[in-house]
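Notes for the one structure printed next.
Labels A, B, C and D are assigned to the chains in the order they are written; within every chain, residues are numbered from 1.
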Amino acid sequence: MTRALELSVEVGSVTLKNPVLTASGTFGYGLEHGAYFDVAELGGVCTKGLSVEPRAGNAPPRIAETASGMLNAIGLANVGVEAFCNEKLPILRERNVIVIPNIFATTVEDFVRLAARLDREPGVTALELNVSCPNVAHGGLEFGCDPAAAARVTRAVRAATSLPVWVKMSPEAGDIRAVGRACEEAGADALTAINTLRGIAIDAEKRRFRIHNKTGGLSGPALKPIALRIVWELSRAVKIPVIGIGGIATARDAIEFLLAGATAVQVGTASFADPLAPKKVLTGLESYCREHDVLPRDLIGSLSPR
Amino acid sequence: MTRALELSVEVGSVTLKNPVLTASGTFGYGLEHGAYFDVAELGGVCTKGLSVEPRAGNAPPRIAETASGMLNAIGLANVGVEAFCNEKLPILRERNVIVIPNIFATTVEDFVRLAARLDREPGVTALELNVSCPNVAHGGLEFGCDPAAAARVTRAVRAATSLPVWVKMSPEAGDIRAVGRACEEAGADALTAINTLRGIAIDAEKRRFRIHNKTGGLSGPALKPIALRIVWELSRAVKIPVIGIGGIATARDAIEFLLAGATAVQVGTASFADPLAPKKVLTGLESYCREHDVLPRDLIGSLSPR
Amino acid sequence: MLGAGPGDRGSYGDGASERFDARRRGDRSATLRRPPALDRAGRPRYAHGVPDLGRFISAPLVKRTALDAGYHVLQFGLDEALVALPGQFVMMRGEGWGTAPLLPRPMSILDSGRELSVLVKVAGVGTARMASCPLGERFELLLPLGRPFGALPAEHTAVLVAGGVGVAPLVCLAERLAQRGTAGVVSLYGGRTARDLPLVERLAASSTLEIATEDGSRGTQGRVTVLVERLLERARAEGTNVMLFTCGPHRMMAAVAELAARFGAPCEASLEAPMGCGYGVCLGCPVAKKAGGYLYTCVDGPCVDASVVDWTREVFA
Amino acid sequence: MLGAGPGDRGSYGDGASERFDARRRGDRSATLRRPPALDRAGRPRYAHGVPDLGRFISAPLVKRTALDAGYHVLQFGLDEALVALPGQFVMMRGEGWGTAPLLPRPMSILDSGRELSVLVKVAGVGTARMASCPLGERFELLLPLGRPFGALPAEHTAVLVAGGVGVAPLVCLAERLAQRGTAGVVSLYGGRTARDLPLVERLAASSTLEIATEDGSRGTQGRVTVLVERLLERARAEGTNVMLFTCGPHRMMAAVAELAARFGAPCEASLEAPMGCGYGVCLGCPVAKKAGGYLYTCVDGPCVDASVVDWTREVFA
């Protein structure tokens, strides 16, 4: 009955069939959702951060709820890139899921190793470099908060792979635009923003940190205004596309990010409360576009200047 | 019946009768609350930010609610230091309110002028330097995000007044500890942390910013985990006291800040929903101390290391 | 039809008071009106009486009546009777709201006394929660707040111009005027359709009512301003003096203010603005003045002399 | 007294399935148990049957019963009957919660079918809202989740060890065992006081019950572990085999696990951990294994072989 709407967006050289992706670390490897909806309908799935070797992750407790948000210090628990390529990716390919592996390392060399390993695999759409994880002792914010360091990682990965490279920005960089521009110059195809912002939660009764790692990354709706601001700033500072993340739970949230300048969005924490969240965001976006007779691509950065 | 509890805390050379203050910009000039409770019972009142000349503030809309928080871009509307000294301070003095004027300027010279003017007035307990306002075109984050600039303001004000000088930290400084240490070296008596973090809110229907100024400062419970983390980091980075602010609405919140290392706390946005909030925080803190047989001063930084 | 009623006499004193003074904000040197006189307890005396001092209380929702088209009347059971004046408002927040929605919502006081009531139109998350809230749920109420409507000058007829949910303070005013024996009060009430006229019966019962709907489903077809203009023309022709009291959408009030200015009629508008606190500490509720600078809706208003407002400037996003 | 019941037979197949595989996390190479066999629809077959695949539904609260001491039984009206097994849980969240509380709360399934029920103990903001929520309010439910309790080996007596709110999955298990005709099931139930034993009648009706309260107000004075130890000693003396199923506070379960190990009895514990998602994607619910690495409570548990857990390591702050 209703004509199909052109939902696709261009993220650099990649055309995503729609702008709704899942955020790294909040959707497993894209295989846990089979029963809830068909993940292949999404614009893409960013996997849990992959490292060269498997990682067990941090000691519990790892998560704590805060006002309209949560802290996490998972510590990048993951199966390792090898197991991902051998055990997860084949299934994802078979299911036609658009896969964007999120990769994490503590050295430039390991970033390169990860990129090179994934470059050999069919069925990978782009790589997302996590240079902004706040929950690891090394290699997290060090890379993401310093323009030169972020550029170094980007350049090295760029050289090691033919895949599009997305670099994930930390909200803790003093000058995020400088980091973004440095990555752009170093060959990034897109920026994703934002990763979590470090916070702590305290149990006043026990007088203890609520999270074993002490600090954790804040995610969820609490973060949305900050994420929107950073996406807005970044999208005006660079020419490459910016992918928006932070507190997106509804289609309306996603539209706000597109208006602020994002070319696509990622749904993160919202999937915890509602495993259908990414799918609902997509459906809602489509309805909005029909109602307002507009395409997602036309929404990008189309905020009236006031 | 119940013995009075020793609630006082030392903020540098100043002894506050209790650690509960109001946050600048959220309690007017301390005169609006007469009818709700006796403001003189509080540890202190930080006034709306004062400038050399009166300021009308930004065009509306100035505020927007977000998830468990709000954005504001008041733009430092205030009566100006002269009117404050002549019209507000005499009444505050008469009512025995502990007053900490919060001052704001776009140049070091004007900061000095403000400090010098207030130095002549009796009934001022300390000065709080707002080098971290995100809602003004100049003089806000420029000072607060750069250690050298923050130190310059602090040093100049330090020289211009005999009053204790508190410097208010921005959460947007890339390296907040460096800013804090620079202010400490420049003679600050205490640090207050944190000011708001810039965010934006968008009306997806009208495709417009919800706030005229586009960006506004995020405050309220959403911010608390970040504020706690910064207070915890700062209090371990400097020897001077740190005063905690950010999303404090209940005694439990205040206790969390004391545990994280704050010597005193400020209640901000919570006063909007409940004009009795600062008073309730104080009463609740007292109950907690009685129940746990502890004094507020003993709570400071007493988080178990885990 | 437009015989001038006896009217309330203006009762603004001229002594600035410390209490009032403390409520003035920086850029309000050109204050809209002189501060009202105080009664012995230090409470401001307004045209319609002496309201309670502001208090912060908790009260349960005792009754909820759903009207047409997403309007609801909420009634709260107060321990002590509230004395509030037409145009004053309450900041209200459900005790179960937790941290979101965070801020209290401003609502005009419809009825005071032991049973406080407000008329709520569902506009967003807060009002939606109010409209579906179970009986017994407690609310935190800060009230009464703000400047009520001012005095009807002698030899003037009160004309109340209401749009949509803006009817609440005007119902309150119409009933107060009727109670005081003010004769000849006229109400002009506009809505998009006939369903969009909440509390129309109460307005009809306490004043001479004329209705305009945009779709013509009730009363005159068109905007309420058509009625206003017609009335002002008639009043001019008849040589009667009229004072307008208006509450409704910004554009409607702007048009009413413009007509009032054109016809030289005094006009008071009950402003709407986003509010953080409702009692003067957040500075979040400015409305631009023609003369420059801002009024703060919660303490300088919500009821203000419409001629002072720069209606061309926006208040909302 | 400790005659071995017929017991359910273990029904774990040995073929790893893609679906199950997908649920395995990185460091779980030393997986606690072999994955269960699948039925034709790809659903895992557990000892007590084949549960529904996980689904995400909305259902209204249809009944709320307040028990003693802050415990409440909440009942939801489901459109379709739910097949869940003892030990499985639901992630639940009020549709009216907005953005705070943000995350759903895990609750053991007490009764399944068309009327899902859970036993809630008020612990914080989410459970407080559940306990005072008006009837008719809708909840989002993700269910059934997690690994249920495993099989009772042949020639073993089931001994259920409950502490406080941990009784819920054990009531479910006791009733399932009774329904299946498993004889001789014993329950040992501990609380601080007599008021601290929610659903004690249901446990008594479906098993042979012994009670311990710390203040001695009901049953034996002392901790429930005193009863466990006594029972295990008796079983050893009588030469009967016992399998323990336990759910309660971490320390209690740790002590039960320790006793089980000492007496060589198999023991399953239903773990509790903070949960973000309940279905394996957040990695927020680890429990340390003795062998190193972590179990994820929501997908590897909540019911696990107690001997695998490193009980000395904390799960909560």
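As a working rule, contacts are C-beta pairs under 8 Å (C-beta built on N, C-alpha and C of every residue); 3 or more make two chains touch, one makes a residue touch a chain.
The structure presented is a predicted model; accordingly, all values stated were derived computationally and were not measured.
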Task: Longest centre-to-centre distance from subunit C, chain (CA-based) - done: D
- [ ] Could you give the separation in Å between the centres of subunit A and subunit C, each centre being the mean of its C-alpha atoms?
- [x] 48
Task: Averaged-CA centre spacing for the pair subunit C and subunit B, given as whole angstrom - done: 35
Task: Per-residue multi-chain contacts in subunit C, two or more chains - done: 98-101
TODO: For subunit A, write out the residues touching at least two other chains, lowest number first.
DONE: 67-69, 206, 208-209, 212, 220-222
Open item on the list: Which category does the touching pattern between chains fall into here: line, ring, star, complete, or other?
Closed with: complete
Open item on the list: Help me check something: in the complex, which residues belonging to subunit A touch subunit B?
Closed with: 66-69, 71, 145, 172-175, 197-202, 204, 206-209, 212, 214-216, 218, 220-226, 228-229, 232, 247, 252, 255-256, 259-260, 288, 302-304, 306
Task: subunit D contact footprint on subunit C (complex, rising order) - done: 96, 98-101, 125, 129, 132, 134
Task: Complex interface listing, subunit D residues touching subunit A - done: 18-19, 21-23, 25-27, 53-56, 93, 99-104, 140, 142, 273-277, 279-288, 292-294, 313-317
- [ ] Provide the residue numbers of subunit A that touch subunit D in the complex, in ascending order.
- [x] 25-29, 31-36, 48, 54-57, 59-65, 67-70, 72, 74, 77-80, 83, 87-88, 91, 203, 206, 208-212, 220-222, 249, 269, 271-276
- [ ] Could you pull out which subunit D residues touch subunit B in their complex?
- [x] 99-100
